[in-house]
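Next up: the structures, one after another.
Next come two complexes, and both contain chain A; in the first it sits with chain B, in the second with chain C.
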Partner chain A sequence: MKRNTTILTLVFLCTCFPGFVFAYHILNSSSGGRFVFIKWKNTPIDFRVDGGTLEGKDGIVVVEDACDEWNRVPTARTLCGSLTVLPMDITAANFDTLPLLNDGIIIFDETGGILSSLGLSANTLGIGITLSNTATGEITDALIILNGSIPSSKTTDLLSTTVHEFGHVWGLAHTAIGGINTANNTPGLDPIDPSAIPTMFPFNNPIDDTFGRTLEDDDIAGISLLYPQN
Partner chain B sequence: MIDFNQGFLNILSYFIIVMVCMFSFSCSKSYATREFSNSTLEMARKSEHVVVAKCISSKSSWDEKHKFIFTYTTFSVEEVVKGETVGDDITLRIIGGQVGDTRVDVPDKPEFLQEEEVILFLGPKNPDGYPTLSSLEKGVLRLKVDEVSGEKIVTTPVTGIKILIKDTENPAPSENGVLLEDLIYSIKKSLQ
Partner chain C sequence: MLSDKKFKFFATLTTFCIITLALISGCGGGGDGDGNDESTPTPIIGTGSIQGTVRSSSGTPLNAIHVRAVNISDDNIQLSAFSGIGPNLTFQNGVFRIDGVPAGDYRVLIEKLDGRSSTFEDNRYSNFVGLNSPLISFPDEYFNGAAESSLDNPLDFAVITVTEDQTTQGINLITNDGG
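Right, the complex of A and B next:
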């Protein structure tokens, strides 16, 4: 009886405090009546990186910084492994010759041509694509494409986009937090300050997109659920 | 008697806990691009074409090299709101989809149902001849037929454009959604 009272009390507390619920979303599958999160089976994940430039500069620096941001999450496993620069510039002409090797590939799309060939628009700052087996819930390969045709600026920050796309590669989808913020004047309850919008919000931050370089609590909660430390 | 009640209470407690936990973790289909936060009007300005179309078919399949999965969606064009004529049918080819147990997740890739009517904001054709969506997330506005009035209504939020009643300068009421004809009129007027 005492135990049941304790259990019911906990349930009551859970329902009274919506702050326990986060807005991150996670890739998932309902295959054969079984619900699974889509995630990598083994971590860290190694990446092959485009040997070309990104906005005319060496893109590996941006990739390294983005990796470090995710690897710094103390409550999640180390996710980003080695970064190997390919001896070639990946373009729309040779993009589909790259073999899939159960790892990640990072492409610098200098002209936007690769994105276009995939049916995506010039408005796309970046994309994170995963290949997965929905029966096992395992991500087997991943692809990040960064649009180098859109110059990095205070409102379209390349590093923020890269950190964001890595989030998708790990298995995070977009968060709902940030839709109502003090920048877009959308009416709603307690609009969030733009500096607090999670990195996994789907759009650039028109106030200062560099805010997306650092992960917020919502991002950290999501990745920690997927890949808990120990 | 007492044992039966306690056993039932145990089961009920665990059931409630499971239900609360399930509702606490909301998960959805994946979304994986990062894009400009364009309003509807900005999207119309940036697009080469804006069309009202009906989905005829949508199918996913492997590419020729069996590396990626693409989804091919064919639409019959009902009205061209912006741009030159695009023909009676258009087909979008967008990376992403599922074949068997293999899934290629492309966040924000829109899904279409057969017979569904939409407004598409289209960019230039890619080298393979397929038109691109100006934005995955905001490049599609969904339509439905109002059951009472029979008029077509835009169900996706419309932003950054003043909606006028067709053929007038009067603002359209917003309580029951944006009428398709009002949105088309307002887009054309704003782009003049």
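Right, the complex of A and C next:
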């Protein structure tokens, strides 16, 4: 039997970059000339959660709230399953020893050291990583790293970041709705109100980043297309 | 190749927002045991779809054009897609399809992404546009119904009605590219 290879699909949420946009879109890969969209085969997905703190507090609350936001979509299947808190703090010294168990892992990078060790900017709010089978597109494992060294503020909201990264873990790419023409600093036709910018917009909301805590129509359409509720 | 035992991460990563291969997609075929035919995505119950094409003034199908639907009653209800991805998430030159659209009246517009920002995944969109699609310049514009042409007023629009569980088709846009 031909051995299937896996690919590492990396998605990032960056901050401090000008906004730009893009429609609900689904991560995909190419195999043998065919495109397959990347998604989990079986849902819900269980997660192992860092036993350490996040911004000095219990990070599981943020994770639970983010899970609930996605699980509330009535036209999509329940995606977020059980959350099991690990008995240790995940740090740059031990994060790459975590075994793959066909689930998701959520790491609280309290100092930003893990993200730094991956070569990412100190301004990275979080990342979502999936491992998937290139032939079938099936996601087999996922990792979310949340940067606890950037204090939550009106323009950098931790819960919004977490909801966003979960979107990547499910298989959603960035949305294009909500940006401006940065070359001319013009909003284009029908600019959307900042409060309605979809959560999967790739950049933090400069007006109020807490807007990203709530999914918008574009996010809901994307996740419902990927995991329709029967 | 990753270890079976643990995560190993690539040594070089950029700090830009990148997504690998977030372009066109197609179903992998077969089923996953859930009773759904993965080659045909299940319609999102309670919403409709908008489908059409984007072509240049010379009739050439255009890909990677951002197509956005804006609800007329509430212009903060917006959904979008890229041209080049048709029904069932398969690559089709110039075709676009927006699923999951709440029922109602919309106006549909097109806008380009290449050349719009220097900091957001330009290389990826350029590659997408390069797939069977010429690089052209055109103003953002609305779909203008029967009056749609390469010379119409970009700000004139036709009202598109989306009905639950139905696809509104024939939304065929022509760029005002000066050709």
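Observations on the structure shown:
Basically, the second predicted complex is superposed on the first by the 202 of 230 C-alpha atoms of A that agree within 3 Å, B and C clash if a C-alpha of one lies under 4 Å from a C-alpha of the other, contacts with A are read in each partner's own complex, and residues count from 1 in each chain.
Here is the rule we go by: a contact is a pair of C-beta atoms (placed from the backbone, for glycine too) under 8 Å apart; a residue touches a chain by one contact, two chains touch by 3 or more.
As the structure is a computational prediction, the values presented were derived from the model and not from experiment.
Legend: residue contacts after superposition of the two complexes on their common chain; A:A221 is shown touching chain C, with no touch to chain B. For chain A, the partner with contacts to more residues, out of chain B and chain C, is C. Judged by the touch definition given at the top, the superposed model places A:L118 against both chain B and chain C. In the superposition on chain A, A:G59 makes contact with neither chain B nor chain C. In the overlay built on the shared chain, the residue A:L100 is in contact with chain B and with chain C.
In the superposition on chain A, A:G128 makes contact with chain B only, not with chain C.
By the touch criterion defined above, A:H164 reaches chain B but does not reach chain C. In the superposition on chain A, A:A92 makes contact with chain B only, while chain C stays out of contact range. In the superposed model, A:T156 makes contact with chain B only, not with chain C. In the superposition on chain A, A:F203 contacts both chain B and chain C. Note: residues 7-8, 10-11, 14, 20-21, 25-29, 37-38, 96, 100, 118-121, 123-124, 131, 135, 173-174, 202-203 of chain A belong to the chain B contact set and to the chain C contact set alike, using the contact criterion stated above. Residues of chain C that touch chain A in their complex: 1-2, 4-13, 15-30, 32-36, 41-47, 66-68, 70, 75-82, 89-91, 98-102, 107, 109, 111, 113, 115-121, 140-142, 155. For chain A in complex with chain B, the residues that touch the partner chain are 1, 4, 7-8, 10-11, 14-15, 20-21, 25-29, 31, 37-38, 92, 96, 100, 113, 116-135, 156, 161, 164-165, 168, 173-174, 184, 202-204, 206. Considering their complex, residues 6, 9-10, 13-14, 16-17, 20, 24-38, 46, 63, 65, 67-68, 70, 92-96, 98, 101-108, 123-124, 126-128, 130, 132-137, 139 of chain B touch chain A. On the side of chain A, the complex with chain C involves touching residues 5-14, 17-30, 34-38, 41-42, 75, 95-100, 118-121, 123-124, 131, 135-138, 143, 173-177, 179, 181-183, 188-190, 192-193, 195-196, 202-203, 217-218, 220-222, 224-225, 228-230.
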